[in-house]
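The letters A, B, C and D name the chains in turn, as written, and every chain counts its residues from 1.
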Amino acid sequence: MDELSIEWVAEPSLDDPALVEGLPGVGHVGKLVAEHVIAEADSELVCRVHSEYFPPQVTVGDDSVAELAAAEIHAVETGGRDLLVVTGDHQAQDTVGQYRVTEAFLDAAAEFDATDVFSLGGVPTGELVEDHDVIGAVSSAALKDGLADAGVEFRSEEPAGGIVGSSGLLVGLGGKRGFDAACLMGETSGYLVDPKAAKAVLAVLGARLDFEMDEEALDDRAEEMEEVVSRLQDMEETPSPGDEDLRYIG
Amino acid sequence: MDELSIEWVAEPSLDDPALVEGLPGVGHVGKLVAEHVIAEADSELVCRVHSEYFPPQVTVGDDSVAELAAAEIHAVETGGRDLLVVTGDHQAQDTVGQYRVTEAFLDAAAEFDATDVFSLGGVPTGELVEDHDVIGAVSSAALKDGLADAGVEFRSEEPAGGIVGSSGLLVGLGGKRGFDAACLMGETSGYLVDPKAAKAVLAVLGARLDFEMDEEALDDRAEEMEEVVSRLQDMEETPSPGDEDLRYIG
Amino acid sequence: MDELSIEWVAEPSLDDPALVEGLPGVGHVGKLVAEHVIAEADSELVCRVHSEYFPPQVTVGDDSVAELAAAEIHAVETGGRDLLVVTGDHQAQDTVGQYRVTEAFLDAAAEFDATDVFSLGGVPTGELVEDHDVIGAVSSAALKDGLADAGVEFRSEEPAGGIVGSSGLLVGLGGKRGFDAACLMGETSGYLVDPKAAKAVLAVLGARLDFEMDEEALDDRAEEMEEVVSRLQDMEETPSPGDEDLRYIG
Amino acid sequence: MDELSIEWVAEPSLDDPALVEGLPGVGHVGKLVAEHVIAEADSELVCRVHSEYFPPQVTVGDDSVAELAAAEIHAVETGGRDLLVVTGDHQAQDTVGQYRVTEAFLDAAAEFDATDVFSLGGVPTGELVEDHDVIGAVSSAALKDGLADAGVEFRSEEPAGGIVGSSGLLVGLGGKRGFDAACLMGETSGYLVDPKAAKAVLAVLGARLDFEMDEEALDDRAEEMEEVVSRLQDMEETPSPGDEDLRYIG
């Protein structure tokens, strides 16, 4: 295998698609949106990006078939703008790998003459969030008005710690390569998978790219998470006996 | 030394051999099986795979001769299918190394026109295991029937965390290169070296590849481990005094 | 993107400039001096050094525009010697990267026929420092007299642990390439951002390179830090319910 | 700078020299011997090995001149066999680096037509050692008799954990390149710098290579270490007050 290779599966004809990235990250917000869009709309696997920079592992599917760690790009017809949606189970494993894998996503976008890039993620607030604002960062200030109209908030020098990983690099490297790139970050506690933050990001993205989508699956996930939280709160109140035995043998 | 090199020691003539890998991993299940097969059957060292990705160290043999860290491939005549058995003391040391070393194993298999790959390992359950089921993951669903007949269980999307390391990559990369590859994982607690899980994997492998093998050595190892566990349980009951002195000087 | 690239923004005409480096490090002393000099004097961005060895992230500016992690080099007219000031938010992320990024700084210096290099940093003392001496290390003993006249102290074999990161390599690699290179390290506790140590280093640098500069901004930062310390001391005296406060300040 | 470069300083004429390596490691045994030999006998710096795989730092000499991290090779006339002594403050920083730096040492040895390699180190016993035996491992069993005559002990499969770092690789890689290579390891607790273990290794090396050397400096270091140990034991008995304040501010 080469250091990095794109395995093409289909070559759909897309009309001025926007690249949308949702890899694992804070609150899994980006990944939730990306997977939701792929599941709800008319989508088709376009390519897999394999790389020695992804963790050396396979995932096992429902048919027990093992799939090499990869990022996948689906073509999605939303009714509005066509999308190329990047998702997967992993970020690249080291600094150099993050740069190279992100360049591969941009290479794939360039294959389809895409010029707009949206990376999706969460921004951790450290406390439980009621209203999930969506914060934006852009490759060029000219992009702000259109996004603000769609509901994105722009806050000076936020997030303060910058944007780490592929979501950040898509804007940084994308801007240098001439893409119009924006990162849309849903506010989230940072402690839990957050389908509500994902809904907020999805709403903004749809407003910007002229599509609407059923949100029931995200609502269901949100309810599940609420149950998880309430169970965690119960556990906190009841000090658990046991769990010791295993440790001694370990 | 090159980044990766195969040092050929012998060129035995093998009849449609299957590559079997057992490197260190969960419960050392794979390594126990591989070493047992090499020791019990008629086997011959075929090559050593050296690599800058293996830990920078040597092991010292019973004649005090130091051997550079390497994976070894033995040709094994089992009475049933011929085997090429990969074993060693180390997995590659980083992400890129795991990919490259695994490709070298597949290269060696290709030298012998092998088309079947079996990677062996353990799957951790987190609790003491009585019945050591063997779980399978495959490069292609067509491989499942033959393995199920040999006693392998297939469970949807298990192991949930995927398969990490060379065992996983042999299936993932092997499948992409056209090998028929399967990973056979014995259930094991994950806390201890587990010769019983190794026995279960060996039984399945023998059933699939038409060989039988004396298991006494694995039974002896299993008894040793039972003594270790029972000593650990005694220690748990008697809080130890001492051990402090060394720490202060350290 | 290449492994390492210099993006030229301006090509000012400089008169025998000295390269001055102030990247993040102990007490952020070097970075404070470098940023102060850029802010106070007549300065112009000359180039950005991008590299896969910088962390895979962007910073977000006051206009919400994301900038790829980079080191920046500004041309600074001080009234005395012209300067090329290297600063940024990051050191390179691994061993090899540190060497290569430092070579890039020296390459940029060579573009301007610079022959003098000053790397700035802090040397940790482990206790609160009243008098901020500035310790020096040089690429050649012939450089010591001129620096001693400017107030630099030279202490045999200090700092005992050597000088780690770009500041150290600029002297080590710079010396091998024929630059006259010195590292100037302000004594600092090592526990806090230290604008007073930065003032001490700035004074020495100005004395050596014939410039003076308003220090009010550093004085203001020093006062802020004193307030932080006094708040921390209050917290120490009042055993905290919660531990929540620290998070807010952190 | 290249990934790895040898900077030649002198080209002495040596008579069938033996390469002797003593880099930092267990008990600093190898480094103590190497530095002692260089200091006591008639020695001359031959070359420095620089590498991006050494830590990105400089050490500061007694004249405040910074030296780039490097391994140094000295030619040493002992009265018996001539030596090429490798020493330095660092091992290479990662797996690949360890292999490449070790190859560079062997390259330097080959420049002088050296065929014998002795890597020196310590083997940790985990308890205080009275009699410092010297354990050997070799690239070829034929080397054992000559070393046993010099007092080296050979114990089957010891050290059990193998030999890590440049000392191990010199035997493993050296053997593959045709050198007669041995690793001599002084038994040591593993908790402290151990000049007594160094004396034991020096004695064996001198017996094998026909030289004798004043040992007073090692005796002095051994006495210093005994004082350190006895002070540590006193500290253990008196629980220390204080040290807390700094932590609160830190």
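In this section, a residue touches a chain if its C-beta (ideal position, glycine included) is under 8 Å from a C-beta of that chain, and two chains touch if they have at least 3 such contacts.
Which chain is which protein? Per UniProt: A, B, C, D = PAC2 family protein.
Quick caveat, the model's predicted, so the values are computed rather than measured.
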| item | value |
| --- | --- |
| Relative to chain D (PAC2 family protein), chain with the most remote C-alpha centre | A |
| Interface sides of chain B (PAC2 family protein) and chain D (PAC2 family protein): same vs different residues, half threshold | different |
| Where chain B (PAC2 family protein) and chain D (PAC2 family protein) are represented by their mean Cα positions, the distance between them in whole Å | 36 |
| Distance between the centres, which are taken as Cα means, of chain D (PAC2 family protein) and chain A (PAC2 family protein), whole angstrom | 51 |
| Multi-partner residues of chain D (PAC2 family protein) (at least 2 other chains) | none |
| Chain contact topology (line, ring, star, complete or other) | ring |
| Chains grouped in pairs wherever the two touch, ordered by label | A-B, A-C, B-D, C-D |
| Partner chain D (PAC2 family protein), residues of chain B (PAC2 family protein) touching it in the complex | 1, 3, 52-69, 89, 93-94, 97, 246, 248-250 |
| Complex interface listing, chain C (PAC2 family protein) residues touching chain D (PAC2 family protein) | 92, 95-96, 98-100, 102-103, 126-128, 136-141, 144, 154-159, 162-166, 168-169, 171-173, 175-176, 183, 189, 191-192, 229, 232-233, 235-236 |
